[in-house]
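As written, the chain order gives the labels A, B, C and D, with residue 1 at the start of each chain.
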Amino acid sequence: MFENIKAVTAKESYHLIRFENDYTRGVHPKILDRLVETNAEQTSGYGTDSYCASAAAIIKNLCEAPHADVHFLVGGTQTNLTIIASILRPHEAVIAPSTGHIATSETGAIEATGHKVVTIPTETGKITAEQIRAVVDVPENVHAAKPGLIFISQSTEFGGVYTKEELVAIKAVATEFELPLFVDGARLGYALASEACDVTLSGMAQICDVFYIGGTKVGALFGEAVVIVNEQLKRDFRYIMKQRGGLLAKGRLLGVQFEAFFKDGLYFEVAAHGVSMAMQIKKALVDAGISLAYPAVTNQLFIEFTHDQFEKLSEKYVFAPWVKGEKTIIVRLCTDWSTRECDVQQLIEAIKAL
Amino acid sequence: MFENIKAVTAKESYHLIRFENDYTRGVHPKILDRLVETNAEQTSGYGTDSYCASAAAIIKNLCEAPHADVHFLVGGTQTNLTIIASILRPHEAVIAPSTGHIATSETGAIEATGHKVVTIPTETGKITAEQIRAVVDVPENVHAAKPGLIFISQSTEFGGVYTKEELVAIKAVATEFELPLFVDGARLGYALASEACDVTLSGMAQICDVFYIGGTKVGALFGEAVVIVNEQLKRDFRYIMKQRGGLLAKGRLLGVQFEAFFKDGLYFEVAAHGVSMAMQIKKALVDAGISLAYPAVTNQLFIEFTHDQFEKLSEKYVFAPWVKGEKTIIVRLCTDWSTRECDVQQLIEAIKAL
Amino acid sequence: MFENIKAVTAKESYHLIRFENDYTRGVHPKILDRLVETNAEQTSGYGTDSYCASAAAIIKNLCEAPHADVHFLVGGTQTNLTIIASILRPHEAVIAPSTGHIATSETGAIEATGHKVVTIPTETGKITAEQIRAVVDVPENVHAAKPGLIFISQSTEFGGVYTKEELVAIKAVATEFELPLFVDGARLGYALASEACDVTLSGMAQICDVFYIGGTKVGALFGEAVVIVNEQLKRDFRYIMKQRGGLLAKGRLLGVQFEAFFKDGLYFEVAAHGVSMAMQIKKALVDAGISLAYPAVTNQLFIEFTHDQFEKLSEKYVFAPWVKGEKTIIVRLCTDWSTRECDVQQLIEAIKAL
Amino acid sequence: MFENIKAVTAKESYHLIRFENDYTRGVHPKILDRLVETNAEQTSGYGTDSYCASAAAIIKNLCEAPHADVHFLVGGTQTNLTIIASILRPHEAVIAPSTGHIATSETGAIEATGHKVVTIPTETGKITAEQIRAVVDVPENVHAAKPGLIFISQSTEFGGVYTKEELVAIKAVATEFELPLFVDGARLGYALASEACDVTLSGMAQICDVFYIGGTKVGALFGEAVVIVNEQLKRDFRYIMKQRGGLLAKGRLLGVQFEAFFKDGLYFEVAAHGVSMAMQIKKALVDAGISLAYPAVTNQLFIEFTHDQFEKLSEKYVFAPWVKGEKTIIVRLCTDWSTRECDVQQLIEAIKAL
């Protein structure tokens, strides 16, 4: 499994249609308009401006979490490492799925803050309350890192979602062992838009101790909105943001974007578009007898092509190679807020023609 | 000395004219145009796109450093901690002025990467080659952190600049003790535009082992362009960027901005505007018999007002309080790329009327 | 798997005979004599004394590695974290068996120095050159921690040993991928004394880039002798020792002990005794039809008792519980330099009587 | 200022009498006897044995702190870094005198755990409550590391002591700003034995949140006994000890030593001897008109010799050079638990003869 290897080496080819990830384009036009409109205004720095305040208020309202703290950071790895560093004592470890972004895709960013990532093996990207229990319900042992936090992703790195029941069960184990539950929501929009997911934004706030609402992959230029629900996790969070290089000087850029996302439901709308595009492609794949490696319920499809199929489609479409086998190759295909219907139709035709 | 305290607590007041820092507005219109124009394009992620490649090529050309590596990061603290972490071994310290951004304004970000910041006392923000020599020319002592890197800022946190002669002298000591020289250029534009500064961009590249060209404070939405000249400091820099949360998913945003900055000299032009505005205000202050705390040669003025003067001006203008004395208060006033001439004229009239 | 849980909770019971680990007694009498003899002497501190110099010279001679650096540290975890921190850059990971001490038994000590431990699954405690190749022979990927070092233990945490052929094969992969090979020798004495092991001390020095010769578990009060063979790993090691709290003020205590260990072969002699005691017990177990969980070739036996057998023996003997099953319990039994033959005979009788 | 430079470079010369530090000899004979007596006993590991329990109980009793936690570590740097890492959150700094051991003599060990050491300038080694207040009574500022802990040494690195009144005043400021007070007691014995010091061991426990009782410099082979009085600082301390490499396998070595130290007052007795020896030398120096750089009230004298005087005495005596001036050299002279009266008499004669 490796992300973006193709992207890194590919020449920029403007005739290609890119499905390799969900951050190939800039920003949703409505958000861009707001950035343009507010560009000449003067505001105070570092997220102390009125746009950040407004965006935070709207998010707390949608979360039905009036006492939550909301902070805005630029990117996912930055957000993960800042949250985790702010919570754990030195000897504490974060428990995560073996497929979790912090375990596989952040260059040891969590370890660089001093903490072990204890992984729970998973094929699907999801872990269960019982798997977590097996890891945390162990005798006191000063020779091992102590579980200090549970990390999962909604949606997962493989496009799956946790149901409300699953999340509640995980939270119950977390509570039993006095561990906060932190949900990486880099793709939360696509999870909330999935038919397989019965959780709402306020449901997330009810269940999680801390989570974030991903902007980068759902149509922002960049940005992740951290929602800290648990009172005990709030103290001095902005210090840690600054220390980790995550306090944006022109913080209002984050406020403007998240205000535009949430004041009229734009975030949910564009996420739904992304999922809808993926579901159309999924149907075409299934109809063509092509396998999907994981349950495809959000904006990510993991498709098992023959090498022939892959090469043929690669003339026009870019996917992210995931696992190369002898006869087949699994690739990741992402749709997103910006995926064009005409491109999807073209791709569907191409799949039919394989 | 404390930055942005006023900003943090101030209500957003739209009748105010803000001089408290150099990041109160969004982005230069010409750069904004480019962001709008390129918004719908698809590119690969994490800085592997053609805009980053183009911007890097232009910068290397201007630096007359064809073999340099150029990387783009989002903010100053992030850039400082990433560069320093990439260079030092665990027991090595960075030598910096006591007023250096890494020593005073980054919440222990460098220490959080494991390294001591050894400070050289300075009243002015600048340090000399001889001061550095006194710190690094010491007997081997395994009980003390070992000097591993020299850090200075151009322009300094107090608005001063190093001349070419001063930089060359510092570099000579650095070379003698086998220490790389790293220059924080968060406000490099304003330094290059200063009459007091005889160094060019290519001069910087000749003298420094690594430096960066600040975008955030010179008219970008955000962004710092790191130029690594010393071959030995290049290896695996992108890994460290990723690990520290500094590899922007939509990296092309940085490429687009720095391409726009440097393809036609826009960066130099807007920096010159910022300095020019500051020099006009400086003249008014001097004429009014108001003292400046440090030599004012770039876009930052440190002004010693009486409390009466400060209160009067604060009705309309925002400055950053720096040092409160019994009879006077020293404040920082910043101009920048976006400072309006009419606002400067108004302020000058107000100063005359004090 | 958990170490010393029994030990931690057990009351001190002087009628018990302890086989739970290999550090239950103080120090070998011959070494104690030397500590007593030298006690009143004045020496310089921090390992700069003549005893350390002498011990280092003897060890280099035995290793046939005249250019090696030898340093003395107090304990195993300290030694592992110091060596690893001294070698790796921030984004680099250490590759280790999933059973490795640094992965399971050091409370995240390596992660606390900022580095990921990438584990290779193993049932036996050993890993192969091919397993290592599979982990390190991967495309450049800035999103993943980069392999920077290979860690194995000789003997392993489960009592196994690597043969010369196996070590040479591992070193070949290490060399191919420009990775140093670091061997944790906390129980190196018992490995060298094993019939299953055809490597000598000088063989270790030929193959490894850095390794250590464990004293704590082989009859010292405490102490591990680090042998750095690879020139590139030597620089400033004492700084890192000091920084990590590992530079003992009265360093001569380490010099005196290791000099006593190696000037006349005492180390090899006592290690051989420990292994011999284990082999006698092993024979009794096999004769009694009791299973051993891993190949038992050094001083550690992992014995699968029925619960009945375990309880019966526990009245007089202390073992370390390892894995509790429904019908059986696997325990660790350690002999060491101090194991008394009479105690072993008693235990053998007890095993026969089960 | 640099420690042990002389020691590091000096050849071992047995005709020399060493006063360069307080750890030139092994261990007090009474403690050595106990180590010999208990050597063959089997105990459980990692400080879970009965000797550690007994030593802890005696210390808690002497401290009149029945609810304190007592832990045993090997050395001072290790103890400092373990305590500080266990207390601070990532963005928090420790406040220390500029002369503090953690600031000057630990190779950035505290920074290596991620924390800034904010120093308060001092000429004497001591800092006052008012100096601390000036540093911690500042506006909330997320751009600066947040004070999280106060560190002082008793006795100081320059041989001074804090009186009860001074400590109580410091503790009052600490309490006011919700900062724990941590006292480095590497030389606590010599402080308690000083006529200038009116604090007892139980007084220390009443005033401090955490402190340690140094063994290494007062006659142990090695060892520091940490006393954690503040309930909130106790949690999981042993995990941090293990993680930092400070959990000694044969922990009973620490228990045996501290039991021997405190069961009959040996610690106080030998510390008093050390101070008495220093006071005799001090008198001779004063009589000879030779200056002392700091108030000399414990076992350390900082003596200002002419270069002639220094060279003459150096033929027979070893001191630690501290500050080399043009005409004079300041050296550190340490007495300790093992200083022989005959050596002191000889030295006094030599001083008289200068």
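One rule holds for everything that comes next: contacts are C-beta pairs under 8 Å (C-beta built on N, C-alpha and C of every residue); 3 or more make two chains touch, one makes a residue touch a chain.
Since this is a predicted model, take the numbers as computed values, not measurements.
**Student:** Between B-C and C-D, which chain pair is linked by more C-beta pairs in contact?
**Tutor:** The comparison resolves to C-D.
**Student:** Specify the chain most distant from chain D by Cα centroid.
**Tutor:** Most distant chain from chain D: A.
**Student:** Approximately how many whole Å separate the CA-defined centres of chain C and chain D?
**Tutor:** 32
**Student:** In whole angstrom, what separates the CA-based centres of chain B and chain C?
**Tutor:** 50
**Student:** Spell out, as numbers or ranges, the residues of chain B touching 2 or more other chains.
**Tutor:** Expected reply: 4, 46, 90-91, 106-108, 112-114, 142-143, 145-146, 239-240, 242-243, 247.
**Student:** Give the list of chain C residues in touch with chain B in this complex.
**Tutor:** 46, 85-86, 89-91, 113-114, 142-143, 145-146, 236, 238-243, 247
**Student:** Sort out for me which residues of chain C touch chain D in the complex.
**Tutor:** 4, 7-8, 10, 12, 14, 16-18, 20-21, 23-27, 29, 32, 35-36, 38-46, 48-50, 74-79, 81-82, 106-109, 112-113, 216-217, 221-222, 239-240, 242-250, 252-253, 338
**Student:** Quick one: in the complex, what on chain C touches chain A?
**Tutor:** Going through chain C, the ones touching chain A are 2-5, 90-91, 93, 104-108, 111-117, 138-139, 141-146.
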